[in-house]
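The two complexes that follow have subunit A in common; it is paired with subunit B in the first and with subunit C in the second.
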Partner chain A sequence: MTDRPDLAIVGAGPAGLAAATEAAARGLSVTLLDERAAPGGIVYHAVTRSPLGGTTVLDADYRRGTGLVEAFRSSGSTYCPNASVWAVDRDGSIGVTIDGQARWLRPRRVLLATGCMERSLPFPGWTLPGVMTAGAGQILLKDSGAIPDGPVVLAGTGPLLLLVAVQYLRAGARIAAVADLTPPGAWQRGLPHLAGAFGCLPLLRKGLSMMAELRRSDVRRIPGVTGLRAIGTDRLEAVEVRQGERAERIPAGVLLVHAGVVPNIVLTRMLRLPHRWDPRQRCWRPDADAFGATGLDAIAVAGDGARILGAEAAVHAGRLAALDAAHRLDVLDRAERDRHAAPEQAAIERHAGLRSLLDAMYPPPDGLAFLDDDTTICRCEDITAADIRAAIADGCRDPNQVKAVTRCAMGPCQGRQCGQTLARIVADATGQTEEDVMPPRARPPLRRLTIGDLAALETESTP
Partner chain B sequence: MTEDVIIIGGGLHGSSTAYQLAARGRRPLVIERNHVARHASGASAGGVRRLRRHRAELPLAMESLALWRRLPELLGDDCGFSPCGHLLLAETEADLAWTVERAATTRSLGYDFEEPIDRAEVKRLVPSVSNAVVGGIIARDDGFGNPLVTTAAFRRRAESLGARYLERTEVLGIDRDGDGWTVATTAGRFSAPSLVNCAGGWGERIAAMLGETMPVRMKAATMTVTARVPRFLGPVIGHVRKKLSLKQMQNGTVVIGGGYEGRVDMEAGESDVLYAGLPGNMKPVIDAFPHLARVPIVRNWTGLEGNTPDAIPYIGPSPNDPTLVHSFGYSGHGFQLGPICGVIVADLVMQGATALPIGAFQPDRFATAGTLQWGAKEGTAVEEQKAV
Partner chain C sequence: MERQAWALVDGPAMAPSHASMQTRGSDVIVVGGGLVGAAIAHGLRGEGLDTVLLDEGDIAFRASRGNFGLVWVQSKGFGAPWYQRWTRGSAGEWPGLAADLAARTGIDTALQQPGGVHLCLSEQEFEDRGRRMAQMQVEAGNFGLEYRMIRRDELAEMLPGLGPSVVGASWSPYDGHASPLALLQALHRAFTEAGGAYVPNAKVTGGTAAPNDFRVETAAGTFAAPRIVLAAGLGNADLAPVFGLNTPVRPQRGQILVTERARTVLPMPCTTIRQTGEGTIMLGDSMEEVGFDTRQSPPVMAQVAQRAALSFPWIAELNIVRAWSALRVMAPDGLPIYDQSERFPGAFTANCHSGVTLAGAHARLLAPMIARGVLDPVLDPFSAKRFDVPRAA
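Up next, the complex of A and B:
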């Protein structure tokens, strides 16, 4: 493997796979790095080897991932699975551990296609064993086909919650309830955006049919949920669901929570790229142009890591970034780039239409609404909301300061989980808006790297 | 509005100065562009070390250590100070010879805190150290403190005694007029009869606003902290020859330094970790403690600090105007000196003189053309300062 490819791509999800395929077709040497053992990213996770791959539990969209993977495999790109990227520098060099061996890559350009992550939504008891994100629950299902024995409660909002509920239903799980955190009036809110979403009719239909499927089943749906509490001593025993004044306890062995997804900005923040607040999706995302170009010449972004538009849009965004890389590396002139870009951009516009509908129907919950003072915010260092508020009362005004004083976001996950909630609490307690307060900047290394790994890296081969 | 004293920079030095002035009845105003301890004083490794210090700093370091021991009484906070000792490892005969020579030099200056020790004593103190180690030199009363807690404690006490802090406020320009100094900031203008420059790596810029030449180079030293490991280390470890600094914190994590440089972004006031040099930082760690090879790194970080040409700070009144006092450019080892330098600057502000010897730190020592020479490689200054 060359350590100086034209283009290195981090992330083998739909965006990265499509970008690699397109860039290789334009004559670039491409290295695709992903920490997973198989290509496909989150949505097509384990697409080529899931035990459920041939069944109706996981649907046609999921299996469409195989097409992307096959095109990629025959593209001539170099694929590195089990490749954890622990640092990306502003000059584009990459620190990565591949099959346990740390090394440096010095590509001419870098595309970050690191996808999204589930929004963290701390509430009392959320750290109990048995409570996990819906995405984690979905991965269990995709990887091993495993379904829990005990009753399952799903809680949250948005299309992915619906999808996971349906997938669990089809797999034969015992679903005790779906606690819906969506504020009432989703369809009224969505109506003005409906026409704009018709460009994605198949996806729209899929959503509607999942809703119908859930409705037809006898799964209990609790609308307008305003509070959650996980109850149990050593592990989850019940979920307390609140609707305004009314509270109810539902026995459960597993609680799957989902509050939408947000771009994974750990790397782009580490790189000190400019970010902007997206008020509708209530998240930060890197500032990038239509091709994913960022404030740093060598570095571009694509897919849900740049802007949440879903897996299909990520494919088009990946191709756009690849076309731009080819242009910047002088193998494609501007007019050609723009000609090939036009249909991709049009496709992205269609998905943006659908996203407007989804954003209106499922506004992301306010991270403050579900926690109380004793709720753990930082799992790694065991810091509660009260600890953070005490630091603010002591004079801290920004998350980096709170981090320094309390150790919140200083543990092994470096704030990937708690960063946004920390910023939210700081904004609230200091009378600032969410837009004024960025989560703290995570420090490298982003992935496991030992003293020995680093010592063994040849000094001469480092950038 | 007229203040008593304006201090530019809310790091450890600005805060220690604010505390001393407030304790003597002044009401200083500290102006800090970011937040307190945002830069060197928050990123610091926290070493409280006299061992191998520059001879000009030794009298200050001795007095400072005495203050470190009294911080609970003075500030109501122990600042995480743990007098666990500092030990430099020796691996060769030449290393050993250096330890003996160094201790003799220090003794000739009147200090006996540096003690050459043999392999058995090193092994007794640090059983897990590699067998390649043949001895070392130790300062048993040195140790380390918690930089953030320390700066915060000085600030808190200063405020409770009447000091004021303006954070998120940047000094943009300074004028001298009949009554004193007028400082233009992003939050308006402030005047005072006395002015203190504790702006760390930006001290040169503040000096330039006043027409004074005080060169510093900004450097971004890199730190490494590991996952928690079972306790294996008492003293802070350095090396006679290699760039190495290593200590184990109460919570079990290991903090590694050594002065490896990251990228400085002056415009953004930020710095980045550059993994380029870090293999060289980790090798001596494993040489000394092979069992650390398998320990994961939790975090690397860098911090900005101003370094002077001779690697010792600027401390003293401006030669042009005694109501202006400079205290910056601590060149990577100003944490230990924090407590005493507040005393010195307060002396200079209030009495125009101090009992401690500060001749070597004269602010104008590089002001005349031809005097500037950066980091003479063989000079004792650099030689003595190389371990952080």
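Up next, the complex of A and C:
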């Protein structure tokens, strides 16, 4: 493996796989770094080896991932699984540990294709064992086909919640209830965006059929949920679901929560790239042009890590970023780049139409709405909302100040989980809007790295 | 009487509405809410002065939040015995400061002063260190300097898990450490609870200066006082000249690593390795001349890690939790600068790269001098006039 490839890509999800395939086809030397053991990212997790791969539990969209992986495997790119990226420098250098050896790569260009993560939605009791995100529940299912023994409650909003509910149902799980956090009137809100979504008819159909499948089953749906509480001493025993004034306790062994997805911006925050607030998706995303180029010359972004448009759009965005990399490395002239880019951009537009519909139907919940003063915000350092508010009362006006005083967002996840909620609380307590307050800075290392690993860092190694 | 109006180049032009806005008057304005400014403001409030502390927003470089946390005496002031005395004096004031802050705020600054060591990883380092400490003892004169050069065998009994590469160390009884973040928070809380006015997001953009009559414009309003203290860290370089002061400070980058909590207990701090009250190990600190660049550089971080792993092999097993870098506020000779303006009496400046070590002196020695309006002669050698001396050709 060379330490100086033309293009290093971080993340082997749809954007990273498509970008590597395209860039290699244009003649670039490509190294794809991925922290997982197998390609596919979150959305196509374990796509090539899931025990459920050949069944109807997981659908055809999921199996489409195998095509992406096969194209990548035959592209001539260098593939590094189990590679944990712990730092990226503004000049494009990458600190990564591969097979226990820390290395410092210096590619000519970097594409960050780190995808999305589930929006953190702290509520009382959310740190109890037995409570997890719907995405984590889906990964358990994809990895091992495992379903929980006890009753399962799903709570949240958005298409992934629906998908996981249907997948659990098909796998034979006992679903006690689906607590819907979506504000009433989803279809009325979606109507003006419906025509724009017709470009993605197959996905639209898939959503409708999942809704129908769930309706046909006898799974109980609780609409208009305004409050959640996980109850239990050592682990989850019940879920308290509130609809306005009305509260109900539902016995449960597992609670799967999903409040939509947001770009995983921990790397771009560490790089201090400019970010912009997306009011409709209620999240921060790195500022980038149509090709994913950022404010830093050597660094581009693609896929859901740049903007949430879904897995299929990420494939096109990955190709666009690869075309731009080829152009910037002088193997593709501008006109050629633009000619090849046009169909990819048109495809992304179609997915943006579908996304507008989804954003309107499933507006992300306000991070403040479900927590109380005793709710843990920062899991790594065990910091509550009250701790954060006390620091603000002491004079802190900014998440970085709160971080210094409370240690909130200082732990191993570097604010990946709590950063946005911390910013939201600061905005609320200081009379600012969400748009005014960025999550705090992230610091390396972003992944496990010992002093001994770092001491043995290879900064120059033979190809 | 001379009066000068000014505006900083990157600040907004002074809007006419500012003139009509209400001005907040006080006895003294402190510019800069970091460790230096907060310690002085806390001390001034303790002297009974109506004190306004102006702080920047979060874009400030914030050396205070990147501090390593040593209360360090040995080796400070080589060739400058006045600095040796000032530093030791501050270490002596620290227990009183820590107790005062704990009583007022309930915040434990985690001060420990068990003495400290500087580890030497080669015979050459050990010899050089020995010569340096001996020279400083000579320079200390009657003031004295207690230290010992300790060989490996004895040192291994003092420090658990010492690496075979360590040949010895210098030891002094004066050294210690504290939590910089707890100190900063405690100073702020003590200051505001005693009635001090803390104003965030108040970067100084302009104002007027006249002897014992100062007015500053900030985004948070206009402030006026007969006295002003410039403690804005690297910001002082631009701020000082308009008050007839000279503070030629530059940034020097230091990188720090902090590990997960360790089971082993280090009984005393070392120059570049210390264990915090929480049990984590902090490693530092590089000295790099890279301008206003607060990125981390892994090759430098790797060197810090290598040295730590040689000193204490058990540290190699620990996970790194965080790495960061911050900018020291460095004068050309590395010493603090304290001055009162001759052109505009009442304007003071305080600059140093040891905001934790010198917090005791700033709160309990310097602040009373500023309150009296006169800096003691012990601070004369710290005047920036030392940079005016024409260099020998």
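Some points to look at:
Assume the second predicted complex is superposed on the first by the 457 of 463 C-alpha atoms of A that agree within 3 Å, B and C clash if a C-alpha of one lies under 4 Å from a C-alpha of the other, contacts with A are read in each partner's own complex, and residues count from 1 in each chain.
By definition in this document, a residue touches a chain if its C-beta (ideal position, glycine included) is under 8 Å from a C-beta of that chain, and two chains touch if they have at least 3 such contacts.
Just so we're clear, the structure is a prediction, and the values are computed from it rather than from any experiment.
On the superposed subunit A, the two partners subunit B and subunit C do not both fit; they clash.
Once the two complexes are laid over each other on the shared chain, residue contacts for A:A290 go to neither subunit B nor subunit C. Of the two partner chains placed by superposition, subunit B and subunit C are both touched by A:R443.
In the superposition on chain A, A:L454 makes contact with both subunit B and subunit C.
When both complexes are overlaid on chain A, the residue A:R397 reaches subunit B and subunit C alike.
Once the two complexes are overlaid on the shared chain, A:A386 sits clear of subunit B and of subunit C alike. In the superposition on chain A, contact of A:V405 is made with both subunit B and subunit C. In the superposition on chain A, the residues of subunit A contacting both subunit B and subunit C are 87, 89-90, 95, 104, 397-398, 400-401, 404-405, 410-412, 414, 443-445, 448-452, 454-455, 457, 459.
Chain contact summary for the complex, subunit A toward subunit C: residues 87, 89-90, 93, 95, 104, 394-395, 397-398, 400-401, 404-405, 410-412, 414, 443-445, 448-452, 454-455, 457, 459.
On subunit B, the positions that touch subunit A within their shared complex are 35, 37-38, 42, 148, 152, 167-168, 224, 226-227, 256, 263, 265, 268, 270, 272-283, 285-286, 292-301.
Taken in their complex, subunit A has these residues touching subunit B: 87, 89-90, 95, 104, 272, 396-398, 400-401, 404-405, 410-412, 414, 443-445, 448-452, 454-459, 462-463. Contact residues of subunit C toward subunit A in the complex are 57-58, 65, 181, 184-185, 188-189, 192, 198, 200-201, 257, 259, 283, 295-299, 301-302, 305-306, 308-309, 315-324.
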